[in-house]
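Following are the structures in question.
What follows is chain A paired twice: with chain B in the first complex and chain C in the second.
Up next is the complex of A and B:
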C-alpha cells in the first residue's frame, strides 16, 4: 500500500499548499486525483515521489514510514516510485540523448549491464523508433520527449507510478498511446498508479477511482478517499 | 504594404551592420590572438638571439630597421624583450586563469549542491576574501615566496577564483530546482552523480568563458605586481618589468621602451577579451536579443 496520512505541505509553513490530505493507493490500483490548476496537486505528487518534505503527516510505503526525502531518502525507497512530470522539456537534461535519458536511472543505480535490453524493450513499449533514440531533447517533439520520460520512469520497474499531469501538454493520440503504455506496464507488473490531472474525462476512463481535490483537502478528516463514482 | 517596405530595410540594415561589425571584430581579434600565440611559441626557438645580450654602445636607440622597437638602457633589443616578456606574461595569465577557474568551479558547485550551512559558510568565506582589495592580497601572497613565475600565478589565482565561484553557485542554485534534477533524484542518483552528470556539464560553458575572460585580467595583475617590483625578478623579461625598467628613460624623452611593452599588454588582452565577448554572445543568444532592443 502507498498511504498518505494527514499530509500538510507547502513552500512556506505559515501558508501550506496541501492541508491534511489523506489518500491511499492499493497495489495494482489506479487512483486519479482531480483538481483545478494551482490547487497543490503537483506538490502532493512531489511529496508522494519523495521529492518534497511535507511539513507534517506520514507517508507509508508498504507499511514502512518514510522519514527522509530527496537525496536523504534511501535509494530503495526512491526507486520504488516512478515519476512522470508535466513538462517533458523541463524534465529532460538537454545534454543527454534520448537513449541516455532512458538509461540514466540504470547507470545511477549501477545496473549498466541491463541497459541494452531494457532501453530497447521500453523504447518499443512507449513507441519510440531507434532513430529518435539518438537525438537530443531539442530535436524531438514534446510528445516524443514525454514518451522517453515515461520510459525513464519505468526503466527501474517501479511498484508505484506517479503521473503528474503527464498528458496535459499533448494531443489526443499521444495521450492515448502514453496511457496505453502505462496500462500495459501495470498489467504486466501489477504496479499501483496515482494519476494527477485536471481532465475529468481522461481520469474517469483511465483510473479505477477518481478523487476530487476539494473532497480531499477540506474534509479530509471526516470523509477520506471519497470516490466520485 | 508601404509601411512594411519602409520599415523593414531600416531594421535590417541596423541588424546587418551590427552583425558585420561583430564579424570584423571577431576576425581581427582572432588574427591578433593567433599572431600573439605564434610569436610567443615560435620566436624563441626559431630566432637564436639572446634577449639578455647587453650592448652598451647601442643603448637607448630609437626604433630603426635594425631594432624595430629600439633598444633599452642596456642596449638590449626591445622587440625581442617584448616577445619574451609576452611569453612570460601569457604563461602567468593562462596558468592563473585556469587555476582560478578550477578552484572557483569546484567551490561553486559544492556550495550549490550541498546547500544549507555548507553553502552559507563557504559564501561568507568568499565575501570575506573579496572584501580585501585583490592587489593588496596578491602582494601579501607574493611576499611570502621567493620572486618567480609560480608565486605570481598562485597569487593571481588565489585572489580571482571568487567571482567564478559566485557565478557557478548562482547557476547551480537555479538549475538545482529544475524538474530534470528531480527526475534524477527519483531515479536513484546520488548527490555526487547529480553534480557530475547534470550540474557540472551545465555550468562548464559559463566557467570556460569566465576562464578566458580572466586571462587578460591575470596578465594585467602580473604586470602590476612586476611594475611594483614584487612580481618577477628583474632579469626575467615580463611586460610589467619592462615598463618598470623604462620609467627613468620616459622622463628623459625616450618613449619607445615604455610604449611598446604597453602596447604588448593592451593589444593581446583586448583581442582575447573581444573573442571571449563574441563567444559569450553566442552561448547566450537571449542576451544578444536584449542588446538588439
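Up next is the complex of A and C:
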C-alpha cells in the first residue's frame, strides 16, 4: 500500500497548502487526484515522491514509514517510486541525450549492465524511435521529451507511479499515448498509480477512482480565483 | 457555407515559413496555408505541438526569429503582415491591429509591476487617452471587459491565480481595440472550469461582431467550445478546414488525421494516433501522414491536393452522401 495519513505540508508552516490529507493507493490501483491549479495537490505529489518533507503526518510505503525526504531519502524508498512531472523541460538535464536521460536512474544505482536492454525496451514502450534517443532535449518536442521522462520514471520498474499533471501541456494524441504506456506498464508490473491532475474527464477515464481535492483537504480553502497570497 | 458576406479581417494566402538551419538544412515549419477570419467569427487552428501552428502565429505578428523566411500573404486590411517592416509592426500592428492573448500570461506580464501600471502603460501607448483620470478609467474599463476584478489591479503578477493572470493578459490585449485577436494556447494548464470561462470570455469579445478571433490551441475541448470553424494543421500544412459543428459533431472530420485526433480524446476512444509526426526538416514528397494512416494507398505517394477543405486522397465521406 501507499498510504498518506494526516499529511500537512507547505512552504511556510503558518500557511500550509496541504492540510490533514489522508489517502491510500492499493497495489495495482489507479487513483486520480483532481484539483484546481495552485490548490496544493502538486505539493502533496512531491511529498509522496519523497521530494518535499511534510510538516506533519505519515507516509507509509508498503507498510514502512518514511522518515527522510529528498537527497536523504534511503535508496530503497526512492527506487520503488517513479515520478513524472508536468514540465519535462524543467525535469530533464538539458545536456543529456534522451538515451542517457532514460538511463540516469540505472547509472545512479550502479545497474549499468541493464542499460542497453532496458533503454531499448522502454523507448519502444513509450513510442520513441532510435533517432530521437540520440538527441538532446532542445532538439525534441515537449511531447517527445515527456515520453523520455516517462521512460526514465519506469526504468527501475517502480511499484508506485506518481504522475503530476503529466499530460497538461500535451495534445490529445500524445496524452492518450502516454497514458496507454503507463497502463501497459501497470498491467505488466502490477504497479499502483497516483495521477494528479485538473482534468476530470481524463482522470475519470484513466483511473479506478478519482478523489476531489476539496473533499480531502479538510479545512483548506482553495478557491482558484482568489489571489494566492 | 463558410463564405462570409463581409470582407475578412484577416486573409491568409499561401503562407509558408522556412527555417534555415546551420549546415544548409531547411525546416518547412508552415507550408502553403490559406484561410480567412471575418469579424464576429472565431477560427481555431488546432494540431499537436510542433505542427507549425505557433510558427504561423509568430509570422502574423512579425515575431519570427532571424533565420526564418516567410512567403505568401497575410492581409489585415490594406497591410500585408508578411511584408511589413519592424517599425510598422511595432507601431501599428501589434496591440493596435492584432491583440495578442499570450500562451503563458505569467511570462507575458512584467513581474515587478502591478497590473494597473501595466494596463495604464498600454493605454498610454495604444490609445489617445493622456489625462491621468482618463488613462485610469480606460485601464479599468479594459480590466472590466476581461472580467479582471478592479480591486485586484494593485497586485503583482505572482500574486494572481492562473485564471486571473490570464484575464490580466487578456485585458492588455483588449486595450488597443484591435480588429483581430490572436490567442496562442490561451488555456494551457488551466482547470477545465477556467478553460470554459476563459474561452467564453474570449468568445464574448467577438460576439459583438467587431473583432475576429484566431485561436491557436491543442485543446480540442476548448476549440469545440469557442470556434465557428476549425483548421487542422499537420506537419506544417492545413489538412482540413471546416465548420466546427460538423467537425466535432456529425458528420465528423473527413481527414484520417483529424479523425484520429478526435478519437484520442478521453471522452471518445482514448486511443492515440499511432506513431509520431514526421520531422519538418525531412518531409516526404507525398502525404506526410501516410506512415501513420490506416487508409493509405499507392496514390498517397503523391501529395494530395486540398479539395473542399480536405487534403487527402481518400477522405471519409459523410454517410448521407454515400451511394
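Please note the rule applied: the second predicted complex is superposed on the first by the 218 of 229 C-alpha atoms of A that agree within 3 Å, B and C clash if a C-alpha of one lies under 4 Å from a C-alpha of the other, contacts with A are read in each partner's own complex, and residues count from 1 in each chain.
As a working rule, contacts are C-beta pairs under 8 Å (C-beta built on N, C-alpha and C of every residue); 3 or more make two chains touch, one makes a residue touch a chain.
Values in this document were obtained by computation on a predicted structure and should not be read as measured data.
Enquirer: Is A:85 touching anything from chain B or chain C once the two structures are fitted on A? First, second, both or neither.
Expert: Once the two structures are laid over each other on A, A:85 reaches chain B alone.
Enquirer: Touching A:156 in the superposition: chain B (first), chain C (second), both, neither?
Expert: So A:156 only meets chain B here.
Enquirer: In the overlay, answer first, second, both or neither for which of chain B and chain C A:55 touches.
Expert: neither
Enquirer: Which partner does A:6 contact after superposing on A: first (chain B), second (chain C), both, neither?
Expert: A:6 sits against neither chain B nor chain C.
Enquirer: Contact-wise, after the overlay, does A:46 reach chain B, chain C, both or neither (first, second, both, neither)?
Expert: Touch status of A:46: first partner only.
Enquirer: Which partner, once the models are overlaid, touches more of chain A's residues, chain C or chain B?
Expert: C
Enquirer: Between chain B and chain C, whom does A:176 touch in the aligned arrangement: first, second, both, or neither?
Expert: Second partner only.
Enquirer: Can you list the residues of chain A that meet both chain B and chain C?
Expert: Comparing the two interfaces on chain A, one with chain B and one with chain C, no residues are shared.
Enquirer: Would you mind writing out the residues of chain A in touch with chain C in their complex?
Expert: Residues 36-38, 86, 127, 129, 141-144, 165, 168-177, 179-180, 198-202, 204-206, 224-229.
Enquirer: In the complex of these two chains, what residues of chain C are touching chain A?
Expert: Going by the criterion above, the answer is residues 47-50, 152, 155, 158-164, 188-194, 218, 220-221, 260-262, 264-267, 270-273, 275-276.
Enquirer: Could you please specify the touching residues of chain B with respect to chain A in the complex?
Expert: Going through chain B, the ones touching chain A are 178-180, 182-191, 193-194, 197-198, 201-202.
Enquirer: Mind listing the chain A positions that touch chain B in their complex?
Expert: 46, 49-51, 70-71, 75, 78-79, 81-83, 85, 87, 90-93, 95, 104-105, 108-109, 149, 152-153, 155-156
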